[in-house]
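Two complexes come next, and they have one chain in common, chain A, joined by chain B in the first and chain C in the second.
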Partner chain A sequence: MLFPTFQTAGSGLGLFRTWMDAVSDNMANLDTVRPTSEAAFQARFVVANAIGNGQEAMTGGPAGAQVTGISFGDANGRLMHDPSNPLADADGMVRFPDIDMGEQMTQLMIAQRGYQANLAVIDRAKDAYQQALSIGR
Partner chain B sequence: MAISAIAGAAASLPTVPTLPATGQIGWLGDVGTAGSAGTATGTVAAGAAGAVSGTQSFGQTLVKALDGLQGTQTRADGLAVQAATGDLTNVHDYMIAATEASLATELTVAVRNKAVEAFNQIMNMGV
Partner chain C sequence: MIDSTASVIYSALNGLAARQRVIANNVANVETPGFIAGRVTFEDSLRTAIANGDDAVTSSVSTRSSTDPVNMNGNNVSLDNEVVGLTQTDLAYQLLIQAINQKFGLLRTAIGGGA
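After this line comes the complex of A and B, so read on.
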């Protein structure tokens, strides 16, 4: 592998972008109402894992992180009393998703910062490689 | 195409001394098959006659590197086409491939310049 840093940082970029996608999905469905007979919209959580066993930095292979799956939040959601809602049951209850907007906002910021950090790594690595190429010039 | 032509020309430079085939020498790894290397290798092997088995001539190394460079460029080109047609899912994939291609080109050009410099120094040696 010629420039393993790029592969490693690129895997981080992919991970954080997936996280941002998941957060945007959760945000878009903040007010998705379901009748009590159905499961509520479940929050999406990105499950990530490290690539390799940690020896890659020594051997020059690509390391990094990858998305290994998506897990889902509580299917019960929050039961709300909203008799005017056309989806309300006989008791006037509906199911809202159990998603906290503040928490999602925080996750979005973490994901964005993580993406930026990986971009910074790529930038610095590129500078370092270019400076190495200027040896003896 | 242009790169293959350079590879062929570079491989027919038997005057450059051979280098040991350590892992680091083939800096671009073997991406793609060495299509142009087939004929070129013969020339190089003839020039580097008497080389210890297990070593790789400079020409072979260069051909391998140029093939790797071609692979990097092809990958970046493919992603650029994806970006233009709207099939690109990750913007950073293309940017990383383009940066890699650019750096690999710079590296190859740097090595080529050094080789030409060495060749010229030998040619200018007073006998």
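After this line comes the complex of A and C, so read on.
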């Protein structure tokens, strides 16, 4: 690989971007109401794994982080009493997703900072590679 | 390599490039559960090679796992440490590039016979 650091930091960008996507999906569905006969909207959780064994990163082999799957939150959600809702059952209950906005905001900040950190690495790597290209000029 | 100076600079550049790659890997995995940060060492090996009068190119670059305490999800990457390491690595890299360019400049002068 010609510029392996870009590849590694790029994989980090992809991971944190996916995380932000998952958070925005969760936030958008914060008030998604379902009838009690159906499952609630389930929060999306990104499952991350390291690429390679850590030794390979040194030699420019496979390195970085990747999304290996999505886990889903509680399908039971929270039952709420809202008889005026057209989706309410005979007891006047509807199902709300079990998503905490504060927790989602925290996750969004972590993902955003992670994205910025990887971007900073790309910036530095670019400088170093440019310097290397100037050898012998 | 042309001589021992160039050989030492070349080996150090190799080690620093490896360190930069490993730091990039650490930052990419700053939130990966169970990830243990990697640390690149080459200075001691290089120093020993120079002291023994060996060819510096034969000095080895190796990665070991960081022994920093892990947090709740088994990860021990500390972003501030990584950024400090990245800055140090970058500046040292630039310094060595300047050194090797100076070396080549001297050679060029010698080849040109001062013309």
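For the reader, a short list of remarks on this structure follows.
We adopt the following convention: the second predicted complex is superposed on the first by the 135 of 137 C-alpha atoms of A that agree within 3 Å, B and C clash if a C-alpha of one lies under 4 Å from a C-alpha of the other, contacts with A are read in each partner's own complex, and residues count from 1 in each chain.
In this text, a contact is a pair of C-beta atoms (placed from the backbone, for glycine too) under 8 Å apart; a residue touches a chain by one contact, two chains touch by 3 or more.
Small disclaimer: the values here were computed from a predicted structure and weren't measured.
Once the two complexes are overlaid on the shared chain, A:Leu2 sits against chain B while remaining clear of chain C. By the document's definition of touching, of the two partners only chain C reaches A:Gly54; chain B does not.
When the two structures are aligned on the shared chain, A:Gly114 is found in touch with chain C, with no touch to chain B.
Of the two partner chains placed around the shared chain by superposition, chain B is the only one that A:Arg17 touches, whereas chain C remains out of contact. Between chain B and chain C, C touches the greater number of residues of chain A.
Once chain A of one complex is fitted onto chain A of the other, the partner contacts of A:Lys126 are limited to chain B, with no touch recorded for chain C.
The intersection of chain A residues touching chain B with those touching chain C, taken from the two complexes, comprises 9, 136-137. Against chain A, the residues of chain C that register as touching in their complex are 13, 17-18, 20-25, 27-33, 35-36, 38, 40, 61-63, 65, 79, 82-83, 86-87, 90, 93-94, 97, 100-101, 104.
Of all residues in chain A, those touching chain B in their complex are 1-3, 6-7, 9-10, 13-14, 17, 119, 122, 126, 129-130, 133, 136-137. Within the complex, the chain B residues that touch chain A are 27-29, 68, 72, 90, 92-93, 96, 99-100, 103-104, 106-107, 110, 114. Only residues 4-5, 8-9, 11-12, 15-16, 19, 48-50, 52, 54-55, 57-60, 63-65, 110-111, 113-114, 117-118, 120-121, 124-125, 127-128, 131-132, 134-137 of chain A touch chain C when the two sit together in their complex.
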